[in-house]
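Below you'll find the structures, each written out as structure tokens.
Each of the next two complexes has chain A plus one other chain: chain B in the first, chain C in the second.
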Partner chain A sequence: MILFIALPIISAFVQSLFIQHEQVLIVSQNCGPFGCSEVTSIDFEKTIKLRQDAPLGKYNGINTYLNRSHLAFAEVGNAWSASETLVDFFNEVFNLPLYGALAFTLTYTAVVTPLVLILGFAIAIGVNGLPNIMKGPSIFVSLLPHLVTPLVGSLILFWMVDGDGIIGATIKLIFNDPDLSLKASTALTWTMLIVYGIWHTLPFSFIVFYAGLQTVPFETLEAALIDGATKWQRTIYVVIPHLVPLISFVTIMLLMDNFRVFEPIVSFSAEAHARSLSWIIYNDLRESGNPLYGSAGATSILTIIGIAFLLLPVLIRTWQDFKLKGH
Partner chain B sequence: MQTQAKTSISFVKGLSFCLVCLWLLIAAFPFVWSFWGSFKVQSDFFSKADWMYALWGTNTIKETGSAFTSSGYYGAWIIKGFWKNFTNTGIVVFFTVLISLTIGTLGGYALARSGFRYAFWILMAALIFRAMPHITLVSGYLLPFFEWNIWGYLPTTIIVLVAMNQPFTLWMLHSFFLNVPKDLDESAMIDGCNRFQAFRYVVVPVMWPGVITAGLFSFLLAYNDFTVTVMLLSEDNETIIPAINSFLGTTQVEGKVMYAVAAVVSVTAPILVLVLFFQRQIVSGLTAGAVKG
Partner chain C sequence: MFLKKLILSVATGCLLSSVAFATDCGPSGQSIRILASDFPAIHAVAGTAEKNCSSSASEFTRNHTTEARQIMNAALTPNPAEYTSVIVANSTLTQLMNDDLVRPLNDLVQKYGSNLPDNLMITVDGNVMAVAFMANSQHLFSRKDILEKAGIKSIPSTYNQVIDAAEAIRKAGIMKYPIVMNMKTGWNVGESFNLIFVAHGGEFFKPGTAEPSVNTAEGIAALKMLKALSEYAHPDHLTQASNETQAIWEAGDAALGIMWGTRGSVILDNEGSSEQVTSNTILSSAPTVKPGGIPGATLWWDGFTISKNVPDSEAEATFAALISALNSDMVAANNDDAIWLLEGFKPGAAAEGVSATAAGGAPPYPMLPQIGLLHNALGTELVDFLKGDESAEKALADVEAAYVTAAKEKGFLQ
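Entry: the complex of A and B
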């Protein structure tokens, strides 16, 4: 098990230190009746042989991390000195691949997570108040968006928001703008992806909160009711404190899931406007014929570091709890 | 006063009822719509003239003579050979579930009975695996697999999927076996069973609820996976999800988007059935981590 976690990370790290071979060039002199000229051509045989001998490529050290498509310190520095305002600076920086992807990934995570928490809680309370006979079917329907394959779920939505699909056409009609396309502008693409993200992850937070609501002690609620608390007050002062551990659990899960957003970008074909970190890696590996292992490895390592930062507070708390329980 | 409080409560109730209805509509509508639309022709499903066409199938009647057509399904399954991808998925899913459940039950039982607190470490491993975007792991696997010449085959993919799935299955079954009282197998051993017989005759009959839940989640992971299968399988061995992805490119050009729509609906159907029959287990699995802390 550890083998399968540790090895790929090490492998990705090693790969990230190397860079693919350049093609082997031959410079030959081509002499004709009107003098000699130098011709540069590619020696395919030698190139292939070189690639076979050392499939990792040549050692590049930490340079891959520093180049334009990754941390790009040089470019960021330039942007800092060249741009007059902060807005200019951020525009420059977010044009760099890694920072652009980071910006989208973080925005997506930061918007989807709280919205899903709040809406999931509201719906859980709503379903809890339904008559018993309707609870089963509504849970069944609610689960679907979460369990269906992400790629397939986002495709279904994608066809609906297509210019000729039902939602796309309706939006055109509402805004009375026949050229309006959700896929053409960056802001609309981001909104679309975020709406999809909420649709996809909402059932998870809903179902966890719903299960939590079943465990709220009835006596406490009754006591609050006798003390004259309204429904609203009971929710705020009794139910929510009871659910705090669940809220932190759902938050962790959502953070992890949202941070690796990937499939919707593929099926919405949204890469022109929105790229996530996972998508960049995918794209590097897909580079036809000559996958950029080094680049993909470097982005992978940076992504792992990003997640570690995101989850560090949680891990430390779990560890403390564990030690507390242990002694 | 009394009536006022009552109306405000029923107002809140009504509001939350509306919210639930709205959510159910949003959750269900895309599926219903795509299912209905998959039996139409493209000019109805992506209607330029009037969205009502998709409901009544105006162009479908014009082109095929009936309001429903299965040409999309025929195109996807027969012409595009989707059945082959489906078979591949069947193989991958079957073996992934089988292997991870075997290791999960035996390992989970052993860990639960060994007395030492492994729970934390398994939980951590499961957590790390969940946190890691799968693509970062795949990017590590890819080059070695090419070098060893095992890229593109189904068994390789099965092994990787099992590896990604195992910590979660192990943790789930481990906490399930912790809830099976120790007295049960101890009394069997006092009656003269050895450890293995106790497991076989006493624990196995009571373990099915936990195994089914863990199996469902292994199934969903293997069935839904895109990242691993798209990177690790060659075109001949593609499973359904990457196959749909490659459909997208070709069908868009040929104007046969309906093939892809039909394929998507076919992929969703098994999940629908699964949720229908195993709703209780899925809910308990999704909430297991949270409620047990």
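Entry: the complex of A and C
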């Protein structure tokens, strides 16, 4: 626990408190195949001395958390005093990187999680009711989306929804609109990512619920049957209460999974319309050539806090169940 | 022509001494380890170096990966470094120099590279930091047949002519989206802005500082021009980079393109496209804002560096091996793979666009330590304007704010 969980989190947290030392800039003469020009460059000798004196960087406290790329309190405050309507205010806030990403991440989590829970349960009940000979193949087929690597699965889907791809072309035909593009509108991009998310995580909830269904005591079901309960009533009053611990477990897993949505955004090239917290971390670490470790660390810590908030209700519930059983 | 002059000056220099140096591999028994990007021209240079000098080296390895830029700083930091040489471009050299990971090459150039002309030496304050061997830039691709069908007599040379031609093609009902540009969110859309920004005479930073200056009259004009062009690009343009735009062009679905020069030979060859497309594709200078103005392009070079954290003898052997590849035989064998800056290069149709763009005075991509941060901010913040969600002024203000936040963290601004 300490080695694999606590230490990395502490390290990310410590990193997020520091920023890089001042870069000592000098003007130099720069020549190449296309001529010479005066440019600024880093005076490395002066800069390295600063670095050696304090290798972690310059202590910045929680300022990285408060800057425009993160919580941006100052910018949010300005937006509040500058905007006349609430709509203006929210437009302004969601234009900030962290809040914009949070909007998509939370929407994605809030839509995908319940749908995957309900659909997964429905499929599990359906498969459980099949004749024995059909069960094996149906389980295998239902698990397939989960076997595809997210990056690859979404890339395949990305090509299929292209204007010339099979899904994209079909949708154009159905709506009779040759300009319809799933990649060009924010609403359709979000829908596409959410549908992909449901498709990809459904097998997980299905297989857990299916396993749970095998443990429902046969005697209780039979007693309910004798009491005249319909199939629907048996599901609601016998099966679901029995599966509550499993439902909590699946909910926790799904919340954690969905909150860190990332691969489909990259594969779908959806950065223009949808960015998630994980995508921000990726962008900080990768895109600018020289990584922004402090910024990425701060976003990581904020992500962890976000997940903790989301999980709190479920964890409290599980804890109460656990205490009830203990007594 | 710019390229011809460049090549001529190289040629005269090489005639004097190329034979003597062709097989000089420097100290023998050394380990040579090259990290490079993954495209044919780079394979040609590193491969020739390996052919020439692997027999005299104790070890000769090449790692060609598109991820070179991501791993090179980490790979060169330890002593001894993982690689003795990294093959870089304008923007990636600064990334290595920011951490002081490459060595000045003046003495090695004197010993092995005296046959190469001075302008291939990338010098910073008199120190040679890299040796360039090929050039690249963006420029205009046009379909002659489609322009003629739409009643456009000449190849467009300004942005407004490009837009007028696109409108004429759309009006004639030939194509609804005749323009292709690399507009994928991130690096590509940032670079597309840069092109039009430099064409408007914009400067990325206030002189001598790391303060941004993109939210200016030039920046707003450039961004509006980019938007005007993108109205004629396929609605999916924010997901399209070089591979996608090349495919659209080869499929014959576009008539005007702003793409990389290195795509020229790939488009003009007889693979992946039809005779009608290849025979009618004209490569010309990147468009300008006013006739005769600065072409909207950034010039790039590719060249090699030598690691700082390796023994001098390994550095010398690596340098000698790579220099041995920069000769007319290598160029003759790989003539169409790149716009070579070396002796023996015969600029064909595929080189015309880059050549005209360079001759028109397009500036090189800025070699500034903080440019990566600004480029990244452009890549992520401009799309809000291009999608139509906010004004050009607001988008550029967001760019500057995002850049300032990142630059403060990296210590460029206080």
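We adopt the following convention: the second predicted complex is superposed on the first by the 272 of 327 C-alpha atoms of A that agree within 3 Å, B and C clash if a C-alpha of one lies under 4 Å from a C-alpha of the other, contacts with A are read in each partner's own complex, and residues count from 1 in each chain.
Keep in mind that, in the parts below, contacts are C-beta pairs under 8 Å (C-beta built on N, C-alpha and C of every residue); 3 or more make two chains touch, one makes a residue touch a chain.
As the structure is a computational prediction, the values presented were derived from the model and not from experiment.
Asker: Where does A:97 make contact in the superposed view: on chain B (first), on chain C (second), on both, or on neither?
Answerer: second
Asker: Determine, under the contact definition given at the top, whether A:192 touches first (chain B), second (chain C), both, or neither.
Answerer: neither
Asker: In the superposed model, which partner reaches more residues of chain A, chain B or chain C?
Answerer: The partner that reaches more residues of chain A in the superposed model: B.
Asker: Once the structures are superposed on A, label A:303 by its partner contacts, choosing first (chain B), second (chain C), both or neither.
Answerer: After superposition on chain A, A:303 lies in contact with chain B alone.
Asker: In the overlaid three-chain picture, which partner chain does A:181 touch, first (chain B) or second (chain C), both, or neither?
Answerer: A:181 contacts chain C only, not chain B.
Asker: On the A-aligned overlay, A:256 touches which partner chain: chain B = first, chain C = second, or both, or neither?
Answerer: Touch partner of A:256: chain B, not chain C.
Asker: Examine A:162 and indicate which partner it touches, taking first as chain B and second as chain C; both and neither are also allowed.
Answerer: both
Asker: Which of the two partners, first being chain B and second being chain C, lies in contact with A:136: first, second, both, or neither?
Answerer: After superposition on chain A, A:136 lies in contact with chain B alone.
Asker: Taking the contacts chain A makes with chain B in one complex and with chain C in the other, which residues are shared?
Answerer: Overlap of chain B and chain C footprints on chain A: residues 162, 269.
Asker: Which chain C residues qualify as touching chain A in the complex?
Answerer: That would be residues 6, 69-70, 73, 90-92, 94-95, 97-98, 100, 119-126, 132, 135, 176, 184-187, 205, 208-210, 234-236, 238-239, 299, 301, 341, 358, 363-364, 366-370, 372-373, 375-376, 379-380, 383-384, 386-387, 390, 398, 401-402, 404-406, 408-412, 414 of chain C.
Asker: In their shared complex, at which residues does chain B touch chain A?
Answerer: Those residues of chain B that touch chain A are 5, 8-9, 12-13, 16-17, 19-20, 23-24, 26-28, 30-31, 33-34, 45-48, 51, 54, 117, 120, 124-125, 128-144, 146-147, 160, 163-164, 166-167, 170, 220, 223-224, 226-227, 231, 241, 244-245, 248, 257, 260-261, 264, 267-268, 271-272, 274-276, 279, 282-283, 286-287, 289-291, 293.
Asker: Within the complex, which stretch of chain A touches chain C?
Answerer: Going through chain A, the ones touching chain C are 19-23, 25, 27-35, 37, 39-42, 44, 48, 58, 64, 67-69, 75, 95, 97, 162-163, 179, 181, 183-184, 186, 268-273, 283, 286-290, 292, 294-295.
Asker: Taking the complex as given, what residues does chain A use to touch chain B?
Answerer: Touching chain B from chain A are residues 1-2, 4-5, 7-12, 15, 55-56, 119, 122-123, 125-127, 129-130, 136, 138-145, 147-153, 155-157, 159-160, 162, 164-166, 169-170, 199, 202-204, 207-208, 211-212, 215, 230-232, 245-246, 249-250, 253, 256, 259-260, 262-263, 266-267, 269, 277-278, 281-282, 284-285, 291, 293, 296-297, 300-301, 303-304, 307, 311, 315, 318, 322, 326.
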